[in-house]
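Both complexes shown next keep chain A, but they swap its partner, so chain B is in the first and chain C is in the second.
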Partner chain A sequence: MNALDEFLIDGIPTRDLEMLWETIGKIGTHGFISRAKQRDLYLSMQGITFTLSGVERPLPVDLVPRVIAVSEWQNLERGIKQRIKALEAFLADVYGDQELFKDGIVPKALIQSSEHFHRAAHGIKPANGVRIHVAGIDLVRDQHGTLRVLEDNLRSPSGVSYVLENRRTMAHVVPELFNGYAIRSVDEYPERLIAALIAAAPSGVSNPNVVVLTPGVHNSAHFEHAFLARRMGVELVEGRDLYCRNNKVFMRTTQGSEEIHVVYRRIDDDYLDPIHFKPDSLLGIPGVLNAARANNVTIANGVGNGIADDKAIYAYVPKLIEYYLNEKALLPNVDTYDLKESDQLDYVMSNLSELVVKPVAGSGGYGITIGPKASKKELEVVAKEISTNPRNWVAQPLIALSTIPTVQEDGTLSPRHVDLRPFAVNDGKEIWVLPGGLTRVALVEGNVVVNSSQGGGSKDTWVLSDETQAPAPAIEVAVLESDPLKSDVVPQMQGPDVLPISRLHQQEEQQQQSPNTEVKDA
Partner chain B sequence: MTWRLKVIHTTNFQYESEVTASFNEARMSPKNVDNQFLIQHKFKVTPSASIYEYVDYFNTTVNSFDVQTPHTALKIVAESVVETQTPIEPTRFITWAELDSQTTQDKFAEYLELTQLVDQITTSFALRDQDSPLAAVHFLNNSMREQIMYTPGATNVYSPASEAWEKRAGVCQDFTHASLSILRASGIPARYISGYLYHGDGDIGEVVVGESHSWVEAWVGQWLPFDPTNGRPVAEDHVIVAKGRDYHDVSPLKGIFSGGASRKTEVTVALTRLS
Partner chain C sequence: MLSRLAESSFWLGRYLERTEGISRLLLEFHQLLIQDQRSHIARGCALLTHGLGLEMKAQNSQTLVEIVFGEDSNPSTIRGALQGVRSNARSIRDTLPSDFFESINRLNAAAESFDPKSPGSSLKNILDRLAVSNGIYEWLAPSDESSHFFKLGRSLERMDLVSRLLSLKIEKEWRDQGPATTLRAVGGLSTFLKARVPITAERVRHFLINDPSFPRSLFESGRMAEISLREIAQVNRTSADTILKPIGLLGSQIHFLGNDVEEEERIIARTPLAVEETSEAIRTAFFRPVGSIVWSN
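Presenting the complex of A and B:
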């Protein structure tokens, strides 16, 4: 199975890329070695890091960009909008009237047995109807050149800060690559996000207060949380900075308390509200779920969105698009075997060595078994786990992910596998897709798992402007002198009554223990 | 026969030192459901708190509140007047084959899965040997008291079915969880019912001290309630508050608080037959 290279066909650059290829040639092997050093220095000065298994290191942006043609982008944009629209309708239905069960669209058991179906979210109706404020749709290009959806990320998709930073880094380190290209800007993302969050505020609030809620500095995406808060001009808070009173949410500040109307949270549902989820969670805010239920605050992304990006539901998304929108899916899925169906399970069990098997609950590339690369023993282990609980697994054919030339340590170029995560923002009126997205690249030869948590890198992703007039004036290296990333505006708020960790207790519950009695019929 | 019952469910928490913040959810409001009619419900918290009421996924009325004045005691009183009737005798019974159809199994998937509290238990009961799902339910209802001795203190509120089953001892919560486990293992959808049981002489106006109670509903073509703790059918002396997969879905009061540890909890349920 030969992977398709997006850049070179038989060593010749594809349309639109001749000029870029020429410039790359001019930089040359030695040039790339020294530019890579400049890049590493720049990234570490900016503090752009990603935690890999607990060790902070710069997320390496490869110096050869990915380029997406105008026409292909337009299709992709339409397909992503369609998908999110359908998934919004699905979430509203699942947490509302559940018409889809009456119509037999998805097995009820599939939804109800999912750990991401949060019954506590039932009945929460967001003010502007939006639950998927931010989406990250992961795509891969197969050996035929078709872009396919690999998975949807509708909870707290991360990586958008790297999209913005990669563009700056490239402009700083390899500015000449941009010569002759009109590239759509990615810089308006924070403005789009804050506008969508304001639009999501409870009705009747004229000047809503928005905050970004982070689990804290130890989270692997903390850099991004701080980045987004700063670029949106809102406070970055942790759970202990917020509290609920009378079903409203307040922030502790040095000047007293301030009511909060929209919480852009980057913590998982399970940690959000200890009354409804993990009772020992110290990251969340007791009472916040009922504050959202009463429409006094909006939680973004919505609580319980995980049911719509569950790997077992994924296979049904094309059907959901037809059901809710009466349209055919514009973006195809990767074929997925439903392991609850005995014939499909049989097929998967006897062809494990040719398939990719993923745990339903996993994310970040952990727990994936790639058949052709797995040892006999690894396959035996996974076979045993699948037969114990088929619901926990999905299987897909191995896709030869497309490649793009990528700079190696010795300055030469070599093809490496890539995927693509475009980001979309829904403000309730329009779904806006950030032009490009995060291209992740597997830096190890032949490695097809490209998650940044698995040691991958990324590429600046260009969507060419359809205005044919040449060079993009937007890229100005001088802007970078101000060093926006070095500022330390992460607010550390000190409330007077911060709850000490050891002193949160669970209220004693009442055992139901009515005695057995002999009661005569009265 | 129709009864009118008044239920006063009082919960008193006492704490070792001041509690600065407390967040709670109560599920103590009887349902307007089946043959039952809720006439009046009052819910009061001391120190005073504003109450937010909503209906949850399982169609239970929830009273949610937070108390943020420092306190060393918290009192919650739920007072209801409710009209109850003996459930209508089921008329539609299904066969094992009908029960096993994919449509039925999918429709009631939620009440067929095991949970943390309704876990797997090893039993010699062969419900499938019974002629029909209905016969299996009757058999189970008549057998549970031979398996578990009613023993307060043998288990606690977080005990799973298997624990009571191994100890052969427990209270109504355990009878209910164990019954659910056995029914679900046989493919019979079954749910947890939380409520109250009146066990006085039926004298009008006489106050009877009780506890909150739990029992089972099994799907045999329609939902059939039964009371395995007492090995008897459900009647007008049962007041339905909530239905769910297990205790966790319906717990009468849950919450968290910050400050002093809990010192003492007192729960009383007083039932009066009004007519």
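Presenting the complex of A and C:
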């Protein structure tokens, strides 16, 4: 099974990429070695890091970008919006009237057996109806070139800060690659997110107080939490900074208590509220769920969203799109075997060595067994675990993830497998998709697990802008009315030292002569 | 003190600040332009050269880098401003801490190795060296009349640069990246974000005009200029009021600005003029210019 290369077909770059390929050739092997050094220095100076197993290190961004054509992006954007719309409806249904069980769309047992289904979230109605404020939809391109959804991340998908920083890093380290390309900007993400969070505030609050809740500096994504809080201009808090009283959430400040209206939390449901979930959680805010139920605070993303990105529910998403939106799914899934069905279970058990087996509740690439690469013993262990509790597992055929040329340590290029995680923000009126997203790349040859928690790197992802359709975005009439270029050029002032060159030389010559005179005199 | 020394201290302050201001501006513009729509690049380049008072026209980000990095003879470019730093530092070398003089030479070496192909790292290098030079001056230079002239020059140059930056309207031109870029171009992003309010074009303009906590806001630089000038006037037993009038008026306009957007525009347009008037008044009062005498038969 041959993977498709997105960049080169039979060694020749696709049309959009010719110029880029030429520039890459000009930089050359030696060029890439020195640029890689510059990049590492830049990343560590900027403190753009990812904590892996307790060690803080830069998230390596590869120096060859990924390019997505305009037309493909437009389809992708539509597909992502559709998916999120359906999943929002699904969540509202599951935690509300549960019509879908009556209509027999998804077996009730499948939902109730999910460890992400939280009864405690039942009946919490978000003020603007949004539960998925931020989504990260993971996509892979199969050997035929089709982009397929691999999984939905609707709890707290991370990585968006690297999308913004990767662009800056690339512009800093390899500016010449940008020559001749017009790329859609990614910089407005924080503004979109804060607008969506403000829109999600409980009704009746005119000037909501928004915070970002982080588990703390030891979390792998702490850089991102700090980045978002800074860029959105809101406070970055830990659980111990907040407390609940009378079903309201407050923040401790030197000027007394301050009420909080929206908590953009980057901690898991399990740790969010020790009253309802893990009683020994030190990271959460006791009582925050009750405050949300009383409509005094909005928790973003919603509590219990995990049910919608559960890997066993994933197989039902195309069906959910039809049920809630009456549309066909625009983005196909990866085929998934439902191990509760005995015939499918039998097939999987006898073909384990060719399939990928994933725990339904897992994330971050942990616990995945890739059949063709696993040892006999590993397969036996998995087989045993599956037969004990088939609900906890799903199986999928192995997809040959597409590849993109990636810079190696010796400066040469070599194809490496990639995936794509576009990010979407829902403000209740519109779902906005960040142009591009995070391309993760497996830096080890042949490796198909790209998760950053598994030592993967990333690539700057360019969505080319369609200049014919989108005029240069910001030249508004209002700006042109008082166009700065129409004003007179105001020269900068000069100090006294800039004499006319002739006079300057004259003075210099005379000054140079005087020591000689002194010597003579002495 | 000697008028010549006073004048060189004043211009040393101005050119150091100018080198930093243009470097930051170029760094950020370059970032902005290489990602931009093709049709928009020429306009973006024109904005920067126009704002810096340069006559040359750039076609793409690389020629823009070359033009703004510039040459020794043009003090509106990085090289030219650096040349101003060096020549003024040289002429008052005996009064400067030797560590500072050394740091200026290192700064110059950093500029010598400027690589227009990767302006990002080169400019960061220059900015690092500038920070060292400014730091050494703060720690080691005696707080005397000379340092008051230095700081006065720095404050006036700041006002000039910030008003030039604001007149480019980057934050309106590039709606998404513009506001953050404007702040980065004066190193003000972190200070702005401390207020914990979202970045909008209006807030950014307001912040750079009259935020009292940011040392480079027009208001704060004006206030610092006034403090330095009053110190100088006291030493020289003269009154600073007449000299201060242009920036003093500006200061009170900023103080009573409120949310008047049109008045903001007027203030931005008036600032370079007020700086020039003040600079001229300082020259007449303290540097005792004489017409250049050329003997001839």
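Everything below uses one rule, namely that the second predicted complex is superposed on the first by the 467 of 522 C-alpha atoms of A that agree within 3 Å, B and C clash if a C-alpha of one lies under 4 Å from a C-alpha of the other, contacts with A are read in each partner's own complex, and residues count from 1 in each chain.
To be clear about the criterion, contacts are C-beta pairs under 8 Å (C-beta built on N, C-alpha and C of every residue); 3 or more make two chains touch, one makes a residue touch a chain.
Since the structure is predicted, the reported quantities are computational estimates derived from the model, not experimental observations.
*Asks:* Between chain B (first) and chain C (second), which, if any, makes contact with A:I12: first, second, both or neither?
*Replies:* After superposition on chain A, A:I12 lies in contact with neither partner.
*Asks:* Touch test for A:P107: chain B only (first), chain C only (second), both, or neither?
*Replies:* A:P107 sits against chain B, while chain C stays out of touch.
*Asks:* By the touch definition at the top of the document, which applies to A:V217: first (chain B), second (chain C), both, or neither?
*Replies:* Neither partner.
*Asks:* Quick check on the superposed pair: does A:E176 touch chain B, chain C, both, or neither? Answer first, second, both or neither.
*Replies:* Second partner only.
*Asks:* Counting only touches as set out at the top, which of chain B and chain C does A:R119 meet: first, second, both, neither?
*Replies:* first
*Asks:* For A:R167, decide between first (touching chain B), second (touching chain C), both and neither.
*Replies:* In the superposition, A:R167 touches chain C alone.
*Asks:* Would you check which partner chain A:V381 touches, where first means chain B only, second means chain C only, and both and neither mean what they say?
*Replies:* A:V381 contacts neither chain B nor chain C.
*Asks:* State which residues of chain A lie in both footprints, the one left by chain B and the one left by chain C.
*Replies:* Residues 497, 503 of chain A touch both chain B and chain C.
*Asks:* If we count contacts the way the header does, which residues on chain B are in touch with chain A in the complex?
*Replies:* Residue positions touching the partner: 1, 3, 11, 13, 20-25, 50, 52, 54-58, 64, 66, 68, 105-107, 109-110, 113, 145, 150, 152, 155-158, 171-173, 176, 194, 196-199, 201-202, 210-214, 229-232, 235-237, 247, 249, 251-259, 261-262, 265, 267, 273.
*Asks:* Can you tell me which positions in chain C touch chain A when the two form their complex?
*Replies:* 7-8, 10-11, 14-15, 18, 30-31, 34-40, 43, 46-47, 50-55, 60-62, 73, 75-76, 84, 87-88, 91, 117-121, 160, 164, 167-169, 172-178, 180, 190, 193, 195-199, 265, 269, 272, 275-276, 279, 287, 292
*Asks:* Flag every residue of chain A that touches chain C in the complex, lowest number first.
*Replies:* Touching chain C from chain A are residues 38, 42, 167-168, 171-173, 175-176, 178-180, 182-183, 185, 187-188, 190-191, 194, 230-235, 465, 467, 470, 472-476, 478-479, 482, 484-485, 487, 489-498, 501, 503.
*Asks:* Taking the touch rule as given, give the residues of chain A at its contact with chain B in the complex, in rising order.
*Replies:* Contacts found on chain A: 107-109, 112-113, 119-120, 122-123, 243-247, 274-275, 279, 286-287, 290, 293-294, 497, 499-500, 503-522.
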